[in-house]
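As structure tokens, here come the structures.
One chain, chain A, appears in both complexes that follow, with chain B as partner in the first and chain C in the second.
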Partner chain A sequence: MHHHFIDRFAMRHSPIHRLDARAKLLAVLSYTVVLISFDRYTVTDLAPLAVLPLALLWFAGVPVWFAVRRVLILSPFILMLVLMSPFYDRTPQAVAFGPWHYTVSGGWLTAADISIKFALGVMALTALMCSTRFALLLEALRRLGLPQVVVMQLGFLYRYLFVLIDEAMRVRRARDFRGAALAPVGRRLAAAGGVIGTLFIRTLDRSQRIHLAMATRGYRGEPHSLCQLRFTSTDVVFLLVVALYLAACRWGYPKWF
Partner chain B sequence: MISPLLGMHMANELLSVPIAGLTLVIAVAAVAIAALRARRLATDDRLPLMGVMGAFVFAAQMINFSLPGMPGTSGHLGGGVLLAILMGPAAAIVTMTAILIVQCLLFQDGGLLALGCNIINMGVVPSLIGWWFYRLLLGPPSRAAAWRQYLAAWLACVAGVTAGAALVPVQAAVSGVLQVPLSHFLGVMIGVHLIIGLCEGGLTFAVIAYLRRVRPELMGLDPSGLPASVRRPGFGAVLVSLLVTALLLSGVISWFASSLPDGLEWSYRGHGYGTTGQAVENRSPAVAAVDRWQSKWSPLTDYTRRETPLGQAPGEGTAESASGWPQPDGWSSLAGILGTVVTLSLVYGAARVMRSTARA
Partner chain C sequence: MTDIPVLLQIDGLHVHYADGVDALRGVSLAVSPAERVGLIGPNGAGKTTLMLAIMNAVRFSGRIVVDGIAVSKQTEQAARSRCGMIFQDAEDHLFMPTLLDDVAFGPLNQGCGEEEARQRAAAAIAQVGLSGLEERSAHHMSGGQKRAAALATVLSMQVQLLLLDEPGANLDHRSRRRLIETLDGRPEAMLLATHDLPMIQRLCGRVILLDQGRIIADRPTASILGDVALLQLHGLVD
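Then we have the complex of A and B:
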């Protein structure tokens, strides 16, 4: 497992990649607010909201199937709740689509509504992550007011995530080769505890080494980053377009037709 | 934690905007306090520690062990309570916050707006409650017997994990998005997390027992005064934890079952639409209270702009039509979807042209 797993599209170049990370973060955040502010029975009103995530993905050159796969991987928990709602909500709802009119129970509308909102929300977040390098995103979070301590923890977490996961997988493989799966429960538990305990000790030692390395490179309590953010006129235009689009989706759309 | 249930993160869609905002504010305040405390406790050389510990939690979740009696499932560590026990609640809260932000941004697990809820449910509450219970039961750590350590770890995990998980349905119910009644959702979440807490407790004890043996000074113990032999919790302690879990589970299940006739009742009433004209009703007073509260104070009741002033329930001041919902106009929804399709194809074409000129 490597950073390639999550970063495969973030290093590319496209108009979306060149936008300021703050602009993209604010756009996706306000998009999510608008998305979940919709009524649970007005499923068709959500249609125009599909434009922004798909447009971001297309302009950034990220294949849509990648975002769809993220949605599917993350769906089980929400799917469980979605499938329960038709059993509970049986309010009759009039549904009209073009010349056709139906009455369905409200639960099906809720189910469709929650799944569409979930899919669109995950796709918007995927578009953000696939068009922004994590270091730039951290810089954006810092500039937007996240405390420096938390930003540094996020940076360390990102840097050592796959280093430690690889280490854990090596230890796990070693344990499995030694037939730990065949042992009785108590032994199995003790083996897992030992492996995790070893990882914990190694992590403590590693963080000591990291601190020493930082100190030898002149760390004096203030981190320095090569990531520079520039908020240009393009970003202003982008945010204005997104704001107009979201306002149109939220307040304009049903009355325009 | 049991693998298929990994994604217990709160999603955006289960929240309303005001509740998302409120929980975010609470989470920010809690994390700020924790960060200040962790900073005060931590010397400079511990600065990278919390971040790298976050990576450790991801790695520790890779270490699975197959559960007895449930073939095909394997348990693994959730991590919050273990971190709180090993590093103190303040550092654990900061670390869990970093983990949840990374899970949200990098892995899209848990929504952007649900981040506040997730930090409260999976960071703040398990860390504080777990740490507190562990301290309470353990007594002086150097002299604690193995069975006592085991019970302390188990209770800390059960209490911490279950308390956090029980908040998920409450937040969803207060938001009023979900149609699944609070008591059922709560019953499922608590029941599942009692079992998860049992697994997590066993694993947490195993890790702590290992660390006490190998690095006693890490656990604040004097290395000389400890027995070198392997410490086991003993049959009695394990039996107690299993029995209590079973008792609690049966309590939850009977509660769940007693609230079930309600559900059947509505489905019968659902076809006649009852006397109130409302097919869905929940008899639980808690839900009714939450509903009343929400219809009074939510700025967007049922997602339409509210007609009555804040602090007044919709039925109180104005007469509302029984059907409640306006009849939708079919043509506008058709036009909306057609318009979206046309817009999307235009956007797609523009993106194609732009990318092909960029490549050339």
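Then we have the complex of A and C:
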């Protein structure tokens, strides 16, 4: 399994890639806050919020299908919520989109609201991840005040998540190659427990080896980074544009129609 | 008779693990500056434990002196700034988000300023032939590049003794050859633990054979590698 899943496109060069990681991070965070601040029945008001993630993706040279695939891959996490909404809320709600007016049950609006917010949020995050190297993102988080220990944990997660997934796949393959699929359910469950136990022990062993590698290179609890961030006037302009855009989306949009 | 300078001196080293295993039993040896010593022996002979003891990463009894510093809890930072150990699995060695950060990790912990650390890191990366990959993360590197990167992480610390644990493991022929060429040009003393006898032959002037925590033989490379009966007896050749 490859890290391309996370940071594909991040090493490219584009106007969005050149922006300071802090500016992009603040923009996406603000965007997310504004996105979730909308009432669940005001689905049509979310339409202008599609502009920012799409613009970021376009200027960063990231294909929209790539972000859409991420949305689809992650969609099972909200699927149950979306499917159950129409059953819980049957209150009739009036919906207006420009000159068109409809009446639908509140549950369907909630389902649409969750889906749209989820899709837009994931697309904005994808745009951020695809236009910012992870090391710069970590440094941005650190400079923006996230505790050092959390930043380090995120760094280790990024570094070793796929090493762990690869190990899990190797163990699973070894199990499958010995006819696990033919075994009765009880034995398969026992084998699954064995796989999880093996992975846990391997992870523990690896963490000890990593700590040893850090200690032998003089680590005493103070992590350092040579990542350099430069906040320029372009970043200020970018943040101002995003702020104006978000303000317009939040407070200006309904009055435009 | 002139005194031969000693960089590493080990006397009566014992390591006893909590599970009851005596990993090292009375090991004594000395390594001179710039000397390259091969460490061979079957699995479980104590090769890695010996290196960990030098880095004060396992509890030991006996005496280890690195560049005049007797290794202990109090002196481990000073001792570690003179020795660099490279682990068998390069994945364990490369834990920072970029190669540059990984290679600068040691110098920054040694107290170097950012600029000096950056220069040292760039130089070490160039020495192992990875220039241009400074911003790359370890998971975007091949196995050979990871091994070279791991070597760069200790070269940047400007150590005097390299402890290399199976440096050629899992490398293809070309990557292994490059690694040998890189190591061959190094001025540091080396303790090279491996099953790769041709690598030992190419790099080391002296070989120590360990088995069951004891030194079985400590002789010039040609003498040990030419002693087929000895190697067979300890499971190193068929």
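Operating definition for what follows: the second predicted complex is superposed on the first by the 243 of 257 C-alpha atoms of A that agree within 3 Å, B and C clash if a C-alpha of one lies under 4 Å from a C-alpha of the other, contacts with A are read in each partner's own complex, and residues count from 1 in each chain.
Basically, contacts are C-beta pairs under 8 Å (C-beta built on N, C-alpha and C of every residue); 3 or more make two chains touch, one makes a residue touch a chain.
All values reported here derive from a predicted model rather than from experimental measurement.
Set against each other, chain B and chain C touch different numbers of residues in chain A, with B touching more. By the document's definition of touching, neither partner reaches A:Gly179: not chain B, not chain C. In the overlay built on the shared chain, the residue A:Met214 is in contact with chain B and with chain C. With both structures placed on the common chain, the touch criterion links A:Ile36 to chain B but leaves chain C unconnected.
In the superposed model, A:Ala47 lies in contact with chain B only, and not with chain C. By the touch criterion stated above, A:Arg206 is placed in contact with chain B and with chain C alike.
Once the two complexes are laid over each other on the shared chain, residue contacts for A:Gly155 go to chain B and to chain C alike. In the superposition on chain A, contact is made by A:Arg133 with chain C only, not with chain B. Of the two partner chains placed by the overlay, only chain B lies in contact with A:Ala192; chain C stays clear of it. Residues 134, 155-156, 158-160, 163, 206, 210, 214 of chain A lie in contact with chain B in one complex and with chain C in the other.
Listing the residues of chain C that touch chain A in their complex gives 52, 55, 57, 77, 80-81, 83-85, 87, 89, 91-98, 100-101, 104-106, 108-110, 114, 117-118, 121, 135, 137-140, 153-154, 157.
Residues of chain A that touch chain C in their complex: 2-3, 7, 11, 133-135, 138, 155-156, 158-160, 162-163, 206, 209-210, 212-220, 222, 224-227. Put simply, chain A touches chain B in their complex at residues 6, 14-15, 28-29, 32-33, 35-42, 44-45, 47-48, 50-51, 54-55, 58-59, 61, 70, 74, 76-78, 81, 84-85, 87-101, 105-107, 110, 114, 117-118, 121-122, 125-126, 128-129, 134, 137, 147, 149-150, 152-161, 163-165, 167-169, 171-172, 180-181, 185-186, 188-201, 203-204, 206-208, 210-211, 214, 221, 253-254, 257.
Listed in rising order, the residues of chain B touching chain A in the complex are 4-5, 7-9, 11-17, 20, 31-32, 35, 38-39, 44-56, 58-60, 62-66, 68, 77, 86, 94-95, 97-99, 101-102, 104-109, 111-113, 177-181, 185, 202-203, 205-211, 214-215, 218, 230, 232, 263, 266-267, 270-271, 273, 278-280, 300, 302-304, 325, 327-337, 339-340, 343-344, 347-348, 350-352, 354-355, 358.
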